[in-house]
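Presented below are the structures under discussion, each in the form of structure tokens.
Shared between the two complexes below is chain A, which has chain B as its partner in the first and chain C in the second.
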Partner chain A sequence: MTSAENERGGRGGLGRASFWDRLFASDHVAGWLFVSPAVVLIGLFGAAPIVWSLIISFQRNSLDTSGVWIGLANYRHLMHDPAFAASVRRTIVYTVLFVPITLFSAMAVAVALNRRLHGMRFYRTAVFAPVVTSTVATAIMFSWLLDPYFGIINLFLNKLGGPSQGFFQDPSQALYCIVLVTVWGWLGFAVVIYLAALQGIPRELLEAAEIDGATRWRAFWRVQFPLLGPTTLFLVVWLSINALQEFDEIYVITHGGPLASTTVVVYYLFQQAFAFFDAGYATAIAYVVFLGILALTVVQLLLGRKLVHYRS
Partner chain B sequence: MSRLRISFWAMIAFVVVLVAPLAVAGCGGSSKSSSTISFWQGYTDIERTAIEQSVADFNATNPGFKVQAVFAGNNDYALTKLRTALAAGKAPDISYQYGSSMALLAKLPQVVDLSAKVKEPGFDWNDFFPAVRLATMANGKVLGVPALVDNLALVYNKKLFDQAGVPYPTAQWTWDDFRAAAKKLTNTSAKQFGWAYINDGSEDTVWRFLALLWQAGGDLLTPDNTKAAFNSPAGLKAMTLLYDMANQDHSIYLDSGNDNYLNVFNSGKIAMLWTGPWDISSINSGVKYGVQILPGDVSHATIAGPDNYAIIANGSQRVDDAWKFLSWYLSPEEHLKFAIATGDLPIRESETKLPDYTNVFLKKYPADAVFVANLNNVTKARPNIAAYPKISADLGQAVQAVLLGKLTPQQALQQAEQQANADIAAGM
Partner chain C sequence: MGDDRQTQQVSAAVSAAGSTGTLELGGGLRPGDLAAKRRWAPSWWHLVLIPLAVVMLFPFFWLVVTSFQTLAQSRTFGLHFAFQWHNYVDAWTQAPFGRWLFNTTLVSVTVVISNLVFCSLAGYALARMRFFGNGALFLVILATLMVPFQVVMVPTLLIVRSLGLVDTLPALMAPNLVTPFGVFMLRQFFRTMPVEIEEAARIDGAGRLGTLFKVVMPSMRAPLATVGIMTLLWTWNDFLWPLIVIQSEKNYTLQLGLMSFQGAHNINWPLVMAATVMTQIPMLAIFVLAQRWFVQSLATQGLKG
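So, the complex of A and B:
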């Protein structure tokens, strides 16, 4: 028992403490006070905008003049907007490519890095470097590498006898190039998570598999892979949430083009809000995206409960 | 006093220390003294220095009130910033705004209608170039005074012309001359291009097309701004020129919007640009370049990108003070000083008659002579209507589709026309 609890017990027992004394002495008050700076900040810059944007989504609102209440009109418009539907399709294509590619390459890299090797720290640092590089810098670098006229990638392609590619300037390639850039940027993050998980797997399990005559490949699939399940689930959820909100690289490299081929849903939202000043419509999109992400996450977690093996 | 209660008060102090700066930051903006006019601008480099110099000169000679120049972030966000500031009740007195934002400013009741003020005899409104006056108006009201004007002209690399044996562009160049020269100046194996076009579908894509459209005698909208008018023989001619140059001659370097075109021009890989005075200062000193007015079809029309100073209503005294400052700041002598410092073009006809214009300005910026003369080729302005950003986006997609060869000029124009008419009808 701490002295504080002693004291409170003593006072309460005697029944002399005033309301204020009891309030000040309560753990609840102390607890709330400790978290109050965070609560104030999150409330001010997190919760308030969330509520406010819900209100705006029911208005015709251009951010400056006070909005006009139009009920569900923004949401109805959304259901019949082919440009929005197209942006959702692109977002799904992007996510379906980005998440598995990142996961499997990260798993491969993490297994490769999970051993004692001379200079391992350098390799691990190198793999993580893109994560701490600003997305804008990454984007500019790739826009040069993949420049159709003067980029080094096309130079190599030509040297090998291949034709030059349009990359970010070809409507049928641009979205895939964005996948490439973002996988590169996110890989290190997933690798670090996988590395930590791999190092948490007891050696004895692998040794036991070895004694039973399992090859390394088999040991990986039968022992390590299932034990990585919870980590994989976490990464699937986390990467999906981020993929559905992809924006930075597209904003910097392609501006949603060419021919809207990289206008994913958050970029479309940005255009509505800050190019056309249609804040009501933009916040309606934001809420649909939010509900979409929420639904997907719930499904992923429910599926995960069935598929993922948790060690007791 | 118990240990717990001491820590309680310590915690209160802790919270106050954490939250107080927020509160102070939140209130700081509103405590400006009534005798200081705040002037929001978005320049960093030479322009910022020149603006601050002018403001200091004004403050030194003007006893009644002071002006404070505030850097409010990149001008690209000036409209968003102003709207946010108005929503928060902390608007400046003077705000630098793009000409293309005027229609949206017209919707804000706080932006002062200057129609009567500009007609005051001392201001000499008709002395401003017609192009810059046009760009201050929306809904029949004058909503700002001119801050800057520029226009598109043909900037070319002399060395590449010499190498290819192509004579330099003349003021009489037709589209055919331009296209033929661009083709001759293109060398695919050396990755050299005759021309560059910004192909990101943004306003950068659109305004060059508008120059082409006007040159062919067409226009964007009907005179009453109620319907799209660009799906016309002139529009088709302009789109076809772009289609043929990009897809038959392959003489256009398509810039994805990352503004690499200027680096590529500096590397001697692009022969001609359609650009304005703002790019001149970024051309490397080793590159010998010339400036000529744009080639022509029916006319040699160009497009101006004029920006304005809007006055925000923060009480009639402050409006009068802001007006007094701007009248002084935009007087011919004062603006010429600014132009000499920055290389920006004059905005008044009478500036070009002042001795320093020929003796100092043109000596320092020889290329600007063509841009100033080119102001006479600015006969039309983009329509100042609220639907313009959407129409621009529609047309940007059409131009992009044509440059990439994904749609024929006819298809692209039809599609953009339908979308633009729908956007105008929606009244956005």
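So, the complex of A and C:
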């Protein structure tokens, strides 16, 4: 097709431009054609399940038969379910530890990595490698490192004169060990984000601070740290969202045990749906978790807006 | 959610994303650097960085060491080093890792390609064309982006079952063929592109698809790499969805297979470690080869916030 023909077709049909050319020239037609695969697939697997999930949460639903409408019974059950309350408490403990530990170690590591040194490529690879390691592999590696009987960490502890620990097999330690594993797995991601932000800070700002007589330490806290505010806010939100959904490592290492000490809320939900086949109750939990995440995110963003300094 | 705020976020994301284009993530010395003249100049920072690297790499180190141990060594408390390959041979013959590698590759490659094509189409239309329902559609996609998988996993399973796909590889692909993340990401990037080039191409007679794939896409390498790499990483390492939808061993992904292998051989740690090494090598190898792109993609993902 020559340019002249197409141009005429595109302008709405002088001469030989075919019916299809003219149709396709309309933004309405072409736009919907372009988005239709996405609309069908996201509609079917993204949007429809959100609504359907809400409907199921008002049903007694065993996954096999069509559900029976029971109104708010699942939500009422939830309010008086001590196991659910306990799983929420564990999730909060996990999140309150995981997010700040990851955040502060990532900031420190990013500052250490943000310089030109021989061997820097190696250091950075070491920090980033866990990001591409699967959660299952991470879980397996750590359950061996922290094995109470033959694990090497207990060997080190003994050499240092300490007693062997139960780690994942000790109800009072298991959840904290899960925090450790997931911090190792997520650190690289947070470091990448901080590094990108640090490198976006103009060098002149730091140099100006140093000329004014500030030490490196003071210059970091007075210049770089405030400028990292938006990044920190993003990471707090993002890490919290993911912490509240922690599942993989717990499933592989502890199966929620010992004595349910690592049964966080999403693990509890999974049990309800796929071990006890109470899909109605599971989706009710899922919706409550979702609303919790949403509320927490809004609070974090509102607080962040007050605390965080944005460069214009 | 007001459209104003969205536009603000968009422009913030755009300006932030623009700055990643110049990210220096290698961190090595450039030939011209002053410090490079003093090669191996000592720095106190190594005293911080070496322990850090040791902590981060030790799990990998011990994984590999154990994978070469004998069973007897692993069951004697202490530091043992051996070098015998048969754990790898045993693991490979005792479970269909080759099959699982094939399944995972097939699913991941399909999902990545489908995302690149369909998210580009949708992102381009949402960014450039004024069609009826454009704004509403974008809001729906944003909403699905924010909903955690746990909320939708039960109905998604029911939908996949009513399509007759439970326990098949297409069940692993279907829900991820077009991700809201990909559409969102690419829409934002298309909006940062100057529209003049496309208009010129259209005037020169290129059709809409031709404009998109021949004129626009070649300048979209960075965002396409981001969507491709993030999708690959998620699909390759995904665990919860395969766990729910796959039952028979022949349809396992690598991660699911590794989990079941560990469950079946959990007293034989050297064997499990050999299997773990084997399942992680493909992604780690891609990461080492394309580290710059991986890091860039992760950074871009962060900056969309």
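Some points to look at:
Rule of thumb we're sticking to: the second predicted complex is superposed on the first by the 282 of 312 C-alpha atoms of A that agree within 3 Å, B and C clash if a C-alpha of one lies under 4 Å from a C-alpha of the other, contacts with A are read in each partner's own complex, and residues count from 1 in each chain.
Note that in this section a residue touches a chain if its C-beta (ideal position, glycine included) is under 8 Å from a C-beta of that chain, and two chains touch if they have at least 3 such contacts.
These numbers were taken from a predicted model, which means no experiment stands behind them.
Of the two partner chains placed by the overlay, only chain C lies in contact with A:Val131; chain B stays clear of it. Of the two partner chains placed by the overlay, neither chain B nor chain C lies in contact with A:Pro100.
Looking at the shared chain after the overlay, A:Thr254 reaches chain B, while chain C stays out of its contact range. For chain A, the partner that touches more of its residues is C, with chain B and chain C as the two candidates. In the superposed pair of complexes, A:Ala286 makes contact with chain C only, with no contact to chain B. By the touch criterion stated above, A:Gly162 is placed in contact with neither chain B nor chain C.
In the superposition on chain A, contact of A:Pro171 is made with chain B only, not with chain C.
Of the two partner chains, chain B and chain C are each touched by A:Ile140.
In the superposition on chain A, contact of A:Ala275 is made with chain B only, not with chain C.
In the superposition on chain A, contact of A:Ala30 is made with both chain B and chain C. Note: residues 3-4, 7, 24, 29-30, 34, 37, 44, 63, 140, 144, 147, 149-150, 252, 274 of chain A belong to the chain B contact set and to the chain C contact set alike, using the contact criterion stated above.
Against chain C, in their complex, chain A makes its touches with residues 1-7, 10, 24, 27-32, 34-35, 37-39, 41-42, 44-50, 52-53, 56, 61, 63, 109, 112-138, 140-142, 144-145, 147, 149-150, 152, 154-155, 184, 187-189, 192-193, 195-196, 199-200, 231, 234-235, 237-238, 241, 245, 247-248, 251-252, 266, 269-270, 273-274, 279, 282-283, 286-287, 289-290, 293-294. Those residues of chain C whose C-beta lies close enough to touch chain A in the complex are 16, 19-20, 23-30, 33, 35, 39-41, 43, 45-46, 48-49, 52-53, 56-60, 62-63, 66, 74-79, 118-119, 121-122, 124-126, 129-132, 134, 137, 140-141, 143-144, 146-159, 174-175, 177-178, 180, 183, 202-208, 233, 236-237, 239-240, 243-244, 254-256, 258-259, 262, 269, 272-273, 276, 279-280, 283-284, 286-288, 291, 294-295, 298-299, 302-303, 305. Here chain A touches chain B in the complex through residues 3-4, 7, 24-25, 29-30, 33-34, 36-37, 40, 44, 62-65, 140, 143-144, 147, 149-150, 168-171, 252-260, 271, 274-278, going by the rule given at the top.
The touching residues of chain B, when paired with chain A in their complex, are 2-5, 7-8, 11-12, 14-15, 18-19, 22, 80, 83-84, 86-87, 104, 107-109, 191, 193, 199-202, 253-254, 256-258, 260, 264, 269, 389-390, 393, 397, 400-401, 404, 406, 428.
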